[in-house]
Amino acid sequence: MHRFWKRSILGMAAAGIMAWGAAAQDTIKIAYIDPLSGGGASIGEHGLKHFNYIADMVNAKGGVLGRKLEILPYDNKTNPQESLLQAQKAIDAGARILTQGNGSSVAAALSDFVAKHNERNPGKEVIYLNYAAVDPVLTNDKCNFWHFRWDANSDIKMEALTNFMKDRPAIKKIYLINQDYSFGQAVRSQAVTMLKAKRPDIQIVGDELHPLLRITDFAPYVAKIKASGADSVITGNWGQDMALLLKAAADAGLQVDWYTYYAGGAGGPTAIKQTGLSHRVFAIVEGHANVPHEAAQKTEAEFRARTGLGVWYPRVFNQMAMLVAAIEKAKSADPVKIGKALEGMEHATFTGGKGFMRADDHQFFQDMYIASFGPLEGGAKFDEEKTGWGWKTVGKIDTANTILPTTCKMQRPS
Amino acid sequence: MGEPMLQVRDLHAYYGKSHILQGVTFDVGEGEIVSLLGRNGVGRSTTIKAIMGDVPPSGSIRFKGREIVGLKPHQVARLGLGYVPENRDIFPGLTVRQNLLLGQKSTRHKGRWSVEDLFEVFPRLKERADTPGGVLSGGEQQMLTICRTLMGDPDLIMIDEPTEGLSPMMVELVGKLLAEIAERGVSILLVEQKLTIALRISHRLYVMGHGHIVFEGTPAALNADAAVRKEWLEV
Amino acid sequence: MSAVALSLKDIHKSFGNTPIIRGVSLDVPVGERHAIIGPNGAGKSTLFHLISGRFPVSAGRILLRGEDITGLPPYQINRRGLSRSFQVTNIFPRLSVFENLRCGVLWSLGYRYSFWRFVEGLRDARERTEEVMEQIGMTARRAIPAGVLTYAEQRALEIGITIAGGANVIMLDEPTAGMSRSETENAVELIRKVSQGRTLIMVEHDMSVVFGLADTISVLVYGQIIATGAPAAIRQNREVREAYLGQAEEH
Amino acid sequence: MLELVIFSSLNGVLYGMLLFMLASGLTLIFSMMGVLNFAHASFYMLGAYFGFEISRRIGFWPGFVVAPLLVGAVGALVERYGLRQVHRHGHVAELLFTFGLAFVIEELVQMFWGKLPVDYRVPASLDFTAFTLFQTTYPAYRMFMLLVAVGMFVFLLAILTRTRVGLIIQAALTHPNTVAMLGHDVPRIFMMVFGVGSALAGLAGVIAGPALVTQPSMAALLGPILFVVVVVGGLGSLPGAFVASLLIGLIQTFAVAINLSLSDIFGSGGAAIFGDLWQATVAQLAPVIPYLLLVLILIFRPTGLMGTRET
Amino acid sequence: MRSSLGRYALWIGLAILFAALPHIFTSGTSLTKMSLMGIMIIFALSYNMLLGQTGMLSFGHAVYYGLAGFMVVHFINRASGGAWPVWLPFVPLIGGLTGLTFGIIFGWVSTTRAGTAFAMISLGLGELVAACSLILRGFFGGEEGITTNRTRLLRLFGYNFGPQVQVYYLIAAWCLICIAAMYAITRTPLGRMSNAVRENPERAQFVGYSTQMVRFLSFCLSGFFAGIAGALAAINFEIMNFLSVSAVQSGTVLLMTYIGGVGHFFGPILGAVLITWLQSSLSDLTGAWMLYFGLLFIFVIMFSPGGIAGWIMLHEPLARAGLLMRLLPAYLLIAVPVLIALAGIVGLIEFGHHYLVKGATDGTVVRVLGVALDTAGPWPWLISVGLLAAGLILGRRLWPVVTDAWNGASAELKRRISA
């Protein structure tokens, strides 16, 4: 049902109906706080579909501990302060589990908010499940007990990526181009350090930071890359910065390999297809549509049939499955107990691997894949964004090779 | 045709809160040269602006038998009423020739005047045909303004203080042009503060004072009426 | 000879290449009512703008009671005791009559830019404003926004603002322009009243106003003063007649 | 190095010309109405989206022709039924009206075409390499853009200086009243200029759409820079807009190529006082430069480079 | 002269209202929203010191709000754990001083110009600061921003300001102080001369005032209050990030102020409350809320340039004369077509939004009041357009009733005044 009408009716009804509230006690409410209007809406809406799909699946099997899961969407407009307001709304509406993924700034704000809220409201704790914000700091210096992350943080991704790259002797000269903000800077500095350690012979011929989402034409940057003679580029760019960069590269006839974090993000596949960079763009992911794992392939097909879009976030499946497992293990939906149950939990991942939630910092570790994008081949079934091109695994990094130390010092509730 | 070409009846106009025109009535006949005299601030310019539709008036203005109150300036102009503003408003960046061409309402319409005709009357303009209007002297600008309006082929031309700030020689030239205009069958409504040209070339004169017409008659009659001159015109 | 209130020393002003004021020198003694007349476009308003600091002069000096005020910004000149009105009504349209006048009063009483005391609490400002309001006969209209006053009232208010600050030298630019006969008469009365004990310089076209008010008249033609003198003398001046009525006219 | 200079120049000029396609319309509209049109970049975006929509149904070339006309029509309607009504409330209201309009257009575009970049392609007929220099290829489409931009500049110049309509417009810019008195329908001219200005922005959008990326933030990305261009060039000055467009295009492009920071030049001593600013390279600061220029120009030379009137 | 009781009654009433609100709206959400409203009221009023009082259109007011917020976050972090003897309730002053400082610096630069040039400088400065906010990570904390913990300062009377309700009262108190202070400023010589400069800068010069100085002082004071708002935001959210200095934040305060109404002191207050409420509530109802927001803004500009306050104050003389009831029937009557037309517009937007944004994945069918409508088919559109057209036509027909009622009431008012 369309949210507008639904909410209007609910809004009217909610005023007087306590019985409805009592009935609602029986559901386990998960507040989904992500952009649902404005700039990031399409991404936020897509994430929401994952949660709704999984909740329906769980509910169809009778729910958890006999209670149904209910996803409450809240629009945070990708604004940290607005997110806090929406989080407050969610808590008022009875949600004790919050989840969010778009934007490290929002994640940092939420994580901080949740910690303070729990400190100031003992007995009314909430827990925050992070499915996509990758700033390492969240599981390092700024870690706290209430925050759990299922996406590999950017350092881990770089660890995996460099572990893959170190065995590719063709790589001689690397150019780094990243967005000038914390994430881009993290990518850049980790790349430099890790490459130096693993492949000291690789020459870093360029290290560029460009303004975030403000560049209309990447041609000047591409000219620099070209002039540097690089054979590979590492970039953490996402969104338009990714699309524009690839476009400018294709225009200038730049022949390099692209090692990326978010080439698979919204619009990325379309952009790659447009530029015709067949299997020259690599992305580090925890899974993709064409990983030959039967259950995953089946879910992918079902998900596509239902929403018309591919599974972007295998980790959301991991997250929800582990949440359910934790609730069942704790025999309670109390955030404190869920949190304790999640700590150290080992669980099979969406694509059939083994993963575990490290108790030290609440970072989930899992197998990572290096995938390249190009025309579908070798029995791969799923394309992206109706381009006819799809992802293909070119490398897999086992969980063990993704583990990094953490600086997290966490205080746990007694 | 009994009705005069331009017939203004009981014209009222306000500028902001100020009641500038308080019932102005006068006529201009076909082929006639009529002057509207008066000191500054009595409403002469407002009268013309009201006729052109630049200031919204009440009352009646009929031009060639048609009521024109409520029309927009460009519509009034297209009916054949030409206006030469007091401040000249030549387009400084455009050349003399371009200024003239702008006076034409359309390229198809061929009127009484062509650029060449006007250059003949004013050889000065011809010499300066390709210089920007902004560098002309005051007198040349005045000539250009009148010529520009003539290019629109008006049947009646209203000229606001054409001799203001001009040297005697220039005043003579303007007088000559006015005569030439009249000769080609164009009626003239001359708005003046000074009597110089007005007395010489007008068929009839009106004197305005504080929003009314206070005198109507021939130049000779005005010359004879020292009281009116002293009260309304002289220092 | 009495002291000179305002003194112009060979003032020149050009806009681009066009000279508008071409060497004006003038001394106005303290307490005189001085009118500047001249045909349209002679540069009267420009001269006013130069004196009041609205435009910078191209050359020459302006002295206000002996003090050089050339090149000062308008507010500085105003603070030194010269106040002016405008040809086009120039008031604060959305403020009330009272507020308009009080704006004219504040600086002269030394309240300047203060934001730590309430304006309502300033007794002297209120009294001075009341006084001016009474003088221009608008006490009954005190709370009305200036923008909705009649034209003549706005002109009167304009004069009120001009004199409110108690300047010794007042310059009025066509104070009666656009007024009806009776309104003009009232305005002349008002001007006579408010210029009592001050120096008045005015530009005016209405000759009855000029001859009714002025002690001395200067005639500005083509950016130059061609004559200065008592009204009667000016009326007889041949050059002046020509400038106004044209030379061709003889009778 | 030479390679970098050549390509940076080419790209800078191209970017500059793109800016000029927008700035010219904005300048004309400003001269006429005294209002900086905040929605101007939105018309550019509309052009790109219309172009995209037409190109995917019929083809690029029909879109190339039709989309700017459509945008022009939208612009004319906005002038006629929006701005003209707001005019009586004063300049601030007009400015805010265009501000609100930009907001609404962005929302509508997001509603119709979504937030994601759309797949607006370079037409096959132009999808080849124009030339190769130092092994770097320069796409034909970019040459085409440059050609269109230059063509438009010449066309605009010709219209304004060589045609009767151009004369009327030039005259109406400074003396609208007088022009009306000569029998020309000035409000209609204004509407037309607004329409044409919008259409030019639309045309810029149509050709920039495939080369850059067609997405809902393209207006917001370019909008503020446009203001910089028209203000730096001098409000109301077409030649000024031209010079400023190229200047900013080149500055932006070359700044990217410079990796120096203050600490590289003066040593790391200043870092203690200025912090990160000291370490930032010119390339990083590239987006700040135009605004710095804007503020400096407004303070020290308020008429802009070639303008005649103060803002 | 008004009685002194009457003069203070309004303020006492406001104080009581502020004190009572948390007992009426008790949920955490309401508290958070009301806190935000309080902040925005200060921010919008400070903005109106520029736009409404002095006639300066700024596109970069968030600079003072945001910078002050950052400064306060840093301040609290430094002072935490009793390092400095400060109590939280006084911290907003730090923000105010920060706003003032930057107001002085940037104001000195920008108030040399007025009108469009001023607007452009403010835009340029705003963009400059916004761009710097992502480059200077030490101060702005990059994309994440900087967090703080407001409870780490010294306790005052045992309050640690952890619970939202305590923060609400802190904000409410500051809000009351700032409203009173800013209202007071409008009634000082500087306040009045600001109005004069807005109305007629030239005339203001000729009564002895330097318009630049008046603008500059207004600008500084405005920066001061914006700084207080920013400080309160920092305390409330315990996080500041680059968005707080961005053009979006500047645009929001502009919209709030203008929609509320720049011509009256209470206009921005209305605007701040309304827009804050809409922002957090409308987005629950519809994904197209920004569109409604933009349309509302354009509507206000075109038809009620005085904003909501202007529209209300239009009725003030009538209300005072007790003539408002005469308009009521006409207003009720016109409300019908207005609501019908509104329903049509909402229909168009919502159906459009559903069809275009969600149609591809969620299906094109919408249920309205139990009826399933397929937005891919013609019916929803015909109904919406029909409603809109009907509303417009009916409204046009009925409009004379409103004007008649209005004219009648005004005439009666005039008669009574003159009588």
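Order as written gives the chain letters A, B, C, D and E; numbering starts at 1 within each chain.
We adopt the following convention: a contact is a pair of C-beta atoms (placed from the backbone, for glycine too) under 8 Å apart; a residue touches a chain by one contact, two chains touch by 3 or more.
Here the structure is a predicted model, which is why all the values come from computation and not from measurement.
Common neighbours of chain A and chain B, listed by label, are D. Chain centre most remote from that of chain C: A (centre = mean of CA atoms). Chain geometry summary: the mean Cα position of chain C and that of chain E are 44 Å apart. Averaging C-alpha coordinates per chain places the centre of chain A 74 Å away from that of chain C.
Distance between chain D and chain E, defined via averaged C-alpha coordinates, is recorded as 31 Å. For chain A, residues that reach two or more other chains under the stated contact definition are 38, 41, 180, 211, 214.
Residue numbers of chain B whose C-beta contacts span two or more other chains: none are found. Pairs of chains that satisfy the touch definition comprise A-D, A-E, B-C, B-D, C-E, D-E.
Of all the residues in chain A, the ones that touch chain E in their complex are 1-5, 7-8, 11, 36-38, 41, 45, 49, 74-75, 77, 79-82, 84-86, 88-89, 91-92, 103-105, 108-109, 112-113, 116, 119-120, 135, 137, 180-183, 185, 211-212, 214, 307-309.
Listed in rising order, the residues of chain E touching chain D in the complex are 51, 55, 57, 109, 112-113, 115-117, 119-121, 123-125, 127-128, 131-132, 135-139, 247, 251, 254, 258, 288, 290-291, 293-295, 297-298, 301-302, 305, 352-353, 356-357. Across the complex, chain B is touched by residues 37, 39-41, 89, 149-152, 154, 174, 177-181, 205-207, 222, 234-235, 240-241, 244-249, 251 of chain C.
Against chain B, the residues of chain D that register as touching in their complex are 164, 167-168, 170-171, 174-175, 177-186. Those residues of chain B that touch chain D in the shared complex are 52, 54, 72-74, 77-78, 83, 85, 89, 91-94, 98, 101-103, 105, 107, 148-149, 152.
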